[in-house]
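Heads up, the next two complexes both have chain A, just with different partners, chain B and then chain C.
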Partner chain A sequence: MATSTLRRLGAGSRSTSAVGVVIASALLFLLTFAVFPDLFVQNLIGGVAYGMVLAIIALGLALILGLLGVVNFAHGGLFMLGAYGAYEIVVTQGLSFWVALVVVPIAVGVLGVTMEVSVLRRLYGKNPVIGLLATFGVFLMIEEATRARWGGTPLTFEIPTVLQGAIPLGVGQIATIRLLTVVVAAFIIVGIYSLMYRTDFGLTIRAGLQDREMAEFIGINIPMRFTIVFFLGSAIAGLAGVLRGAETGMDLSLGFEFVLLAFVIVIIGGVGSIFGSVVSGLLVGVSVFILPVTARALATVTGVDALNVAGIGGVVPYIVMLVVLLVRPRGLFGEEGLLE
Partner chain B sequence: MRSFSRREFVKVAGAGTVVASSGLAGCTGTGGSGGGGGGGIGEEITIACPTALSGAFAPYGEAERDGGMLAARHLEEEFDVSIEIITGDSAADPNEAVSQIEGMVVDDGAHMAFGGVSSAVGIAVGAWGSENQVPVCVHGGSDDITGSQCAPYMFSTYMSNTMQLGPVAPAMADLEDDWYILYSDYTWGQTAFEAYSEALEAEGANVVGSQAVPFPTQEYNPYLNSAANSDAGGIALLVAGLDQRASTSQILSREMQDDYSFMMHQTEDVGLWGIDPAAAALLDVNSQGWSPSLDVPEDWLQEVAEVSDHDPFVRHYMGYVSVDQLVRAAVRADSLEGAAIRDELSGHEVENQTIYDLQPSADTIYWRAGDHQLVQPTHMTSGRPVEEQQNDPNKVWFDVADTMSGDDASPEPSDECER
Partner chain C sequence: MSYTARLKRLTSDVDLDTVRELKVPIGIALVAFLLRPVLGSELVLGTPHIATTILIWMLFAAAFNLLFGYVGLLSFGHAIFLGTGVYVTAIGLSEFGLPFSLMTVVAMVCSGAIAYGICRIIVRYGEIYFAMLTLAFAMGVHFIVNSNPYGLTGGSDGLRSGTTPEWIGSFRGQRVIDVPWFADLLGAFGLQPSYYYFVAVVFVVAMVLLWQLIRSPFGQTLVAIRDNAELARAMGISVNRYKVWAFTISGAFSALAGALLMLSNYGAAIENFSPETSAEVLLMTIFGGANFFFGPLVGAFSWFGVQEFLQSFEVLGLPVVGAIELSGVLGYWRFFFGFAFVVVILLSPRNGVWGYVRNGVQNGIDALRQRGSDD
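Entry: the complex of A and B
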């Protein structure tokens, strides 16, 4: 049998699997809604909001990985620095949270550029393990510097009164600070997408990715553009850190905890796809909120308590990743041939 | 530019996870001078402290170490001994902790050990110590430490979950008839959940629902949604470490504090210092092994401030007591042999007045021979209103509302525990 025929059969099998997964998921969601209607709606809303939080954390990583091909483990460190930077601005300097929201991402972006110019620029095109180890080293340096400057005790800062408390949604409520995160994330996502796909600047970057030699031959300054992309990715990490720090406070585990989740989201969304990371963040967010309830609904309907798996919420992102990779190995929106 | 494949990326990301996990664990083992056991305690006692010095539990581990160092200072003044405390970063991982204690005992000649932070780590190092005749004082609240996982050289300085709930369960039943329980999904949380469920029902209250929460987690909203849909009047948070911070901060941000009564198990002050002080104020009932709001000598609090980056909280007390008791046992035995120290400690009634000053008790504090539990008072505390919280010279955010004597709080030694 010809190789192309085998590929077609494999692709057809995966398509069937994908349809099966979608139908099964829809049925399970319907069952959950039927058994726990209020809880389902509350968790759906909460999951979408959480998904946007995850999306903005993963977006900077996706940008740098997708466009520059760098497995940037330091992204978690930059995210953590965003939170601690906000603490510095609000508590130590006594300035407004709104100042931190503007200044800290820029500062973190500048730090990211410094890292790109001094470390990563030498590693482009080399084995990604080298980049991973280099950025992991930078991550450890950031973590220890943070410990030296702010100590190991968890910290927090006060947010403006207007961001405190919750907003009722009819069914349940959402914390105001989280709603701000959702709104900011939406603006950032639209902004980045527009920049990359609706401007000449984005066009030149994508051209440089497809054929760097040719792009430089016609006069495009590719290193400068890549540095700008790194600035954007780092600044978004810093912005996400400010918002997360405002919501939950900060400690030294903040960066490590979220960078792993961000990698999972990028893999699910498809390496190289900004849009994929957004959808993936939403998918993981909703799944984290809904699947434990689904397990309870199944246990209730069938009478089999074992189906209500204790603590299933912690493995949900990895279950989603497993399912997506099984039915679509390149991720939800990974382009055929990209990074292959 | 992008010369690697997607498969390579997935591989690299996976490798990164492994590298990160191992890289963050156990980087800070320190050297120390060895010392042989037997033939008297000589001039130098080496004590291993495998505890969390990186990651989310670092403040807890650092406080244990600092409390131990303060005890060492006092013991050196009292006895003609030199005490060296060597540390190894467990990163709150049981396997790493075992690797650390093994290195400190085999390579550095440690005679005894203390620490652990979590029950899982405590059980792991306690088991290793027991296999190698090294006395270990562990700092976890799981009933398994003095129950199904008990071991001959393992001593539990922290009160078990069952001890801690002694003064708390009646208060919970008085406060609300129906409770929803959220618990961390590992040995400590699971045993706490079982203990509280039984105790609440015995007190006439109902557990109308429960959920195991992955540990650690920063996102409590789905679990709080479940609790809010349960018709419970009270929500019990049997969650550990920095999850105490995540759960209470999200309760605050959802403005649930006025709609429910809240209880937290084994509340450790440091976890709440990182968030809005209102998080402590919302906790109506807490179990606490020790609190700076007890009538503690000011000079002890001052000395903690000198040796530690953290304000005094329960982990300082635990580290202090463990080192104090291990060294005094060695002095009494006039030996650094593990078996001799173990025999001195097992069943021993605490005599050091400082311990009684720190943990005021009308009854004797002692190491129970059956399961090596330190039988001492346990406390029920309530969060102070924000305007009444003390921050200087050290933080005091809770008030002790009730205390139960160790003997009243302690169940009989488990049948599973055969020393």
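Entry: the complex of A and C
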């Protein structure tokens, strides 16, 4: 069994190129570490923190995509609403950040459920492109409503003093708010995993996914479960928005930027694999922080200044997606036949 | 006398079959030459200046729809091709002082080549993957243009100076075409040689070409692929090759729209390459109706028309309630557009607004015919 798997992995030019890509990236990583050890560690920490935010946004998207078959473009809008909702609670209402951390995800989740019941229920089982377009319209509405309520200028809000400052980690340090992000995100990921794979509830959802008709025959209320999953996905987006807004502030481009990133991550992770998006979220987050350093390291080693491309961070996720899809057309852990 | 009989008497001089056969070119010409007078009249909007922009976006949306409507390929990165048209012509004019006509051809060839290359790489991926990959390329191109390679693209400032060819002059605050034979030609119809009519002529030529392309065996093969790719493949059609060529042609026509947009905007801006541009053309096309040749045109018209109309619309007078101040709310017109878009998608995703209008007119005609035959 093991040998045949190995042989399968080794066969074909595509797998060879996959191995090549992995080795090449490992070498680049080592090179970067050798040239700029401090910078490497700092960026690795930053990349993991960023990757955790990306991972939970993409997790929410992948849940909805994998279970409901809907490509939810409005996810970015819900994420943005999370950030602006935290601003509303902390600055306008004058309440604590911790209140926002609890209330905002629930409010965003309720909004998501409203959207699911009014729009998406009509689209289950149809071509995923139609769901994508309908949710794009919803996204437009959310974005414009946000502009009407909070205006177009970038906003920030004050975080509690406990979360300001940084914690030393032996090698390098991590900002406390980032540490909170990582911890909360880790809780979310473990929680969703336990819910899906360790409870009867998760079992019924997966049953409904495999054979909806049969699951309904044995008395599982599938529409109800879909709504709950949608609530969870939206609430996670809202929570990620609160954390991101606390760390970097917010503006109107937040939603569009992050929904594109979340899509990219889901595609890299593989459609249909919920936890592939966690892996690829971390991969993208780390790449975004490390690759610019790698470019600098390469420029230092080879003496070619042109290799040190400034501001390459923004396109890194798309480069990663391109490379992954060229080597593995269904993403890292994608299932056959979904969305094709 | 029945309606049909009356209609027949009215049209007895005109060969109806010819009209029916040529209804699309006639429609295109009517759109091109009536858009500005209609928009300019005080009754409608009183804003003739957006007519040029609308025509250009109509062309872009129609080029986009060659892919989405006729092959079923969803591209999230069409800004690449519009942007290529804008930047290649702008660079040619400002850096090298080359003529606009030459640069338009160069831009179309460049854009087509880029489209060909991209599509060759990603054509085998499924719908959503294909869309995301076009987005990835669009982000990459946006990044390259923004980083200002060799000082050619001007980075985030864009290109502003020296981008207007010398044959576009200015007359009483309006842009006019300073070419004698063009002025004579339009003068024969009693029209001013304004810049709008230059765009209109290019628009008509390009749209008729697109229409011919769709009517040709090539275009019908694309429709066959859209409707049933498996069957098309079984019949010996090389599906991927047709998709690649459709993508190439769509890219070239988008670049033509881009070249015109460059003239209209007095230069190139980095926004032409942004993912928002790709998203807008997608919204327009679907809203108008991807199934129809005129759908994208209706979509582009609605997008800009709604924007202009709602923004100029300030007070709503209602008989009972009285006047309601709406200017504050309607500034956020995208909200209402988004709502209308969702409704259109839920009702019928491929027919769009134009599908409804068509159906309504068709039903009306049928009802009239019915009454005519009853008499």
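Just so we're on the same page, the second predicted complex is superposed on the first by the 321 of 340 C-alpha atoms of A that agree within 3 Å, B and C clash if a C-alpha of one lies under 4 Å from a C-alpha of the other, contacts with A are read in each partner's own complex, and residues count from 1 in each chain.
Going forward, a residue touches a chain if its C-beta (ideal position, glycine included) is under 8 Å from a C-beta of that chain, and two chains touch if they have at least 3 such contacts.
The structure presented is a predicted model; accordingly, all values stated were derived computationally and were not measured.
Steric overlap between chain B and chain C is present once the structures are superposed on chain A. When the two structures are aligned on the shared chain, A:Asp38 is found in touch with chain B, with no touch to chain C. In the superposition on chain A, A:Val71 contacts both chain B and chain C.
Of the two partner chains, neither chain B nor chain C is touched by A:Gly191. Of the two partner chains, chain B is the only one touched by A:Asp251; chain C is not. Residue contacts after overlaying the shared chain place A:Ala175 against chain B, while chain C stays out of touching range. In the superposed pair of complexes, A:Gly165 makes contact with chain B only, with no contact to chain C. When the two structures are aligned on the shared chain, A:Leu209 is found in touch with chain B, with no touch to chain C.
Looking at the shared chain after the overlay, A:Thr156 reaches chain B, while chain C stays out of its contact range.
Set against each other, chain B and chain C touch different numbers of residues in chain A, with B touching more. Contacts of A:Leu132 after superposition on the shared chain: both chain B and chain C are touched. Only one segment of chain B in 74-82, 92-100, 272-280 or 398-406 runs into chain C in the superposed model, and that segment is 92-100. 71, 128-129, 132-133, 136, 139-140, 256, 260, 263, 267, 271, 310-311, 314-315, 325, 329, 339-340 are the residues of chain A that lie in the contact sets of both chain B and chain C, per the superposition on chain A.
The residues of chain A lying in touch with chain B in their complex are 36, 38-39, 42-43, 46-47, 50, 65, 68-69, 71, 73, 124-129, 132-133, 136, 139-140, 151-156, 158, 164-166, 172-173, 175-178, 208-209, 212, 247-253, 256-257, 260, 263, 267, 271, 288-289, 292-293, 310-311, 313-315, 325, 329-331, 334, 338-340. Against chain C, the residues of chain A that register as touching in their complex are 71, 119, 122-123, 128-130, 132-134, 136-141, 143-145, 147-148, 256, 260, 263-264, 267, 271, 309-312, 314-315, 318-319, 321-322, 325-326, 329, 339-340. Taken in their complex, chain B has these residues touching chain A: 1-10, 12-13, 15-17, 19-20, 23-24, 54-56, 58-59, 62, 185, 211-219, 221-223, 225-226, 228-229, 242, 245-246, 249-250, 253-255, 270-271, 273-276, 309-310. For chain C in complex with chain A, the touching residues are 74, 121, 124-129, 131-133, 135-137, 139-140, 143, 147, 275-276, 279, 282-283, 286, 329, 332, 334-335, 337-339, 341-342, 345-346, 349.
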